[in-house]
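Chain IDs A, B, C and D follow the sequence of writing; residue 1 opens each chain.
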Amino acid sequence: MPKLSLAGIFPPIPTPFGADGEVDHDRLQDNFERWNEEQLAGYVVCGSNGEYAYLTPDERVELIRVSRQAIPDGRLLIAGSGMESTQQTIDLTCRMAGAGADAAIVVTPCYYRGGMTAAALVRHYRQVADASPVPVVLYSVPANTGIDLPAQAAITLAKHPNIIGMKDSGGDVAKIGYMAHETRGDDFQILAGSAGFLLGALAVGAVGGVCALANIAASRLIRLWESFMRGKAMEARGQQLPLIEVNTAVTSRFGVPGLKAAMDMLGYYGGPVRPPLMPLPEEDKATLRKILEKAELYHENNSSP
Amino acid sequence: MPKLSLAGIFPPIPTPFGADGEVDHDRLQDNFERWNEEQLAGYVVCGSNGEYAYLTPDERVELIRVSRQAIPDGRLLIAGSGMESTQQTIDLTCRMAGAGADAAIVVTPCYYRGGMTAAALVRHYRQVADASPVPVVLYSVPANTGIDLPAQAAITLAKHPNIIGMKDSGGDVAKIGYMAHETRGDDFQILAGSAGFLLGALAVGAVGGVCALANIAASRLIRLWESFMRGKAMEARGQQLPLIEVNTAVTSRFGVPGLKAAMDMLGYYGGPVRPPLMPLPEEDKATLRKILEKAELYHENNSSP
Amino acid sequence: MPKLSLAGIFPPIPTPFGADGEVDHDRLQDNFERWNEEQLAGYVVCGSNGEYAYLTPDERVELIRVSRQAIPDGRLLIAGSGMESTQQTIDLTCRMAGAGADAAIVVTPCYYRGGMTAAALVRHYRQVADASPVPVVLYSVPANTGIDLPAQAAITLAKHPNIIGMKDSGGDVAKIGYMAHETRGDDFQILAGSAGFLLGALAVGAVGGVCALANIAASRLIRLWESFMRGKAMEARGQQLPLIEVNTAVTSRFGVPGLKAAMDMLGYYGGPVRPPLMPLPEEDKATLRKILEKAELYHENNSSP
Amino acid sequence: MPKLSLAGIFPPIPTPFGADGEVDHDRLQDNFERWNEEQLAGYVVCGSNGEYAYLTPDERVELIRVSRQAIPDGRLLIAGSGMESTQQTIDLTCRMAGAGADAAIVVTPCYYRGGMTAAALVRHYRQVADASPVPVVLYSVPANTGIDLPAQAAITLAKHPNIIGMKDSGGDVAKIGYMAHETRGDDFQILAGSAGFLLGALAVGAVGGVCALANIAASRLIRLWESFMRGKAMEARGQQLPLIEVNTAVTSRFGVPGLKAAMDMLGYYGGPVRPPLMPLPEEDKATLRKILEKAELYHENNSSP
């Protein structure tokens, strides 16, 4: 019995900014109202899709506080508390726990990547987990960090009583399966870090996903997850395949600007990104709209003209 | 109804060399006798695991001829006929078809990688497929070539009447799923290029796998494949997970020298690799043996002391 | 006539931490006293070698203030003020200018690397340069950031009146020469970002270097620079070649932990790094000592037993 | 006194093909007549720019034979004899030596890159050098092969009596300088593998260059080399800088198709490339022409309208 179940679908929510670039808590509230209608397992706040790298520690803590109020009981609030230094990560994790986070998701430090050996990463996560008042989820996202948390490091860390799982955004299902196998005796739950390989990851032992696409297609991903969980692999395949292209559009292809533009198109508040990220160009918006239509997300969600 | 079904498991067989470095057809015959006891869908001869890059065109054609005699009716002989130039690929493909190949598997050319754009690769494969007397299977293996055949190129090529599928060794199941989805109206069959992500690939639409591991663990992979095909995804997971580590050992970790050493340990003929490949060091052999034991392959297969 | 000459050698100074992990300003003062004996053109404070990624904004500003007091007139204090977001970079640049920085060196943002297009980087640097009270130096360090500031972006930015140069740590002298050529009409000065390719960069138009090695071998690098500037290319070669191996040791090979260990060996204060960086293992220290000896740095600098 | 001096500039000549794709020896003769007017130190035949990967062994040997007849006494004919396997490389090296090559240049094998460790490469080159009737030049070209021959491997190989040097196309002048330093007691000569970093490489000890650009700008590169050799580093800089952009155009940017198009524009015979390489599109030709004009190569060389 896991201490805290990570089974299911979690959107890593974008941080809404107003026209002046400030965090807009009202818009966040509005988005949560709509997301709360879906059977989501919880939310990741201040993750990569939340532009955490552009937020001050104070803004991050405040986002947790505000999100906590908007999230109903029974759903997890997982707070992105990673910083480059171990001490700063510990400090922020404690503050976020105090602000209401149920768990902390901690990205691999990456600036001194030559020094981020498996040993260094294991020590980092152990010190954070030792100090954290809430359970810790490892987070590997090589597309942003240039670092793929090694399977052996994760397997070692899975033994730590306060490390309950890992979000892996690398998309290597052989690695995910290997980790699932080697940690089968531990309370260690793996989450697919992107909807593009959600089914592939579930097939080899992941328990759910933290998927940017869940911000705009929650019900579709939840159905996919349920199909697989009920043993309907072929049904799940039919639900997975049409979502890959649109998932790519709101992740690697168009990035957070693409995700926010899609949210704007579908009745959520996306709003501007913080510079140096650039807003999505008009021609890319047109492409994005076509992709949303092809995936049958545009008409389904959108009631605005 | 596909022209030629690629469903099932195919070992990409190593080329046996004698002590003098020459191709040893007798040993090949011996290996085939044992492989033929398994329900394999066919064989890839002169693929990457066959050290094709170290074989002359004449040696390659002769390998096809000899293999054809050893392969029973109803099983496919897929010949690795890729060369760097389009014309040389066409010439070798025709010769191999003449020697008995049922299909040709053609690796992406890669030396002038700056020039290997999607357009160049599409033209290459079209010209090969136009000229080939047998169906063509695309082959993307970025770990060797540095080139990942783009999904859009594959989707375009899937329309060609003489291109029947693709072996993708990149391990990106989002890409595999996307290609499966976009080619669903075509006669285009995708094969997982490694056993590590076989289940992940099947889950999103692959029809089988060309797996180095099938040289030493055919029955295990066939059972995995059958479980999935019968809708037993959880059973397939239980079969997939213990095979990932050993698959890594005989592919990316220890390479062809590792695969051949494992064959020697398990009663097949592995034998030497051709230089510049180095034989597996003794300490790595010990590690490999432990991994085979852990995967329950060593005792299962091996009757020698 | 450049507004601010960057000609010469600049050490990117490490940040000294005490046993408790706090910044130790007294030790910094001690180091400066020794560095000030050399004909250095100035100092980079809070750069990559200063573990800036592990410092709070307040610590960074305080380091500038303290350094300013320790740096004699006529030597530049260049402050590393880069943050991930444009606004935070502007804020910190202004604070650092207020604390006494002569110029700001701004690393490329990198977390959302998919979005860090040439256009995004140009906009980022323009906004920072527009707002900065002191001249701005671009800083490209792909080994840490995964981003190589494109030559065309630098050439475009060289036209900005408040952008005076660039530190390029990528080591591509063809790129450096191309930028030098295309900006020859601008007030744009290029600095080699590592001592390993200092002479190569000077040969194609760089005016100096920001070199980690200058922390422990200032006089050697200054002599090299002077030889080249006096037209003695062969003499400069004789000075460059014996320094490449030791430079690699205190940069890519052993990183900041290696640089700090070398400082400790040579009578400076190196001290601990902040976690997650690991201290240099004893066996690597022994290797490092041998490399320092081979480069004739160990006996030259060290008076301790 | 080196056994064979590699000092100076060598063009790696393209292989001329006729409209039917066959090697056109007459056109090759014509090109040689013009190249022979320049003070080139020799020629590399069947290198990467010679599309060697698209040539049969017989075509390669015949190209050496024909080139030998066209090359005047006192100029070196260096034959690209690399193959993937050690034995095939030995065989081809011997045949090319028999056909008149003065030395062999041997590219790193690369297909099984996981197995191409320093130890494997050292063994490969030793076996080739042991067997070769002519001196051997190492050749590292990571842009094509994905493999950067490690400095330590080169330093080890420099001790071999039949290995006289190395062409390094990686552009890392710190590596080049380090190798020059560590092999200073050996008869080991380093050649810059591209004109973009020719001066940077000369500055740290290279003795010359094998430069695609020398096919169309021989006199310019020879003057650069002479300036540096006479101790005129600033003069050499003035000659180097305007050539970087055009060098990029005929190498990494437009590849062999670009080099051949430039040759056609400048009165040499370039002609078609072999597929899968694509001919240079018209719009790229227009860009290329402008770059040739900017570098003052177009009007200088071209007498056609």
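A few remarks follow.
Here is the rule we use: contacts are C-beta pairs under 8 Å (C-beta built on N, C-alpha and C of every residue); 3 or more make two chains touch, one makes a residue touch a chain.
All values reported here derive from a predicted model rather than from experimental measurement.
Between the contact lists of chain B and chain D, the overlap is empty.
Although chain A and chain B carry the same sequence, what matters here is overlap: shared residue numbers make up over half of all numbers found at their interface. Each chain gets a centre from the mean of its Cα atoms; for chain B and chain C, those two points are 49 Å apart.
Averaged Cα coordinates give chain C a centre that lies 35 Å from the centre of chain D.
Residue positions of chain D touching 2 or more other chains: there are none.
A list of each chain pair in contact follows: A-B, A-C, B-D, C-D. Within the complex formed with chain B, the chain D residues making contact are 21, 48, 51, 53-54, 56, 84-88, 109, 111-117, 119-121, 123-124, 127, 143-146, 252, 255-257, 274-278. Within the complex, the chain A residues that touch chain B are 171-174, 177-178, 180-181, 194, 196-197, 199-205, 228, 231, 233-234, 236-237, 240-242, 244-245, 247-248.
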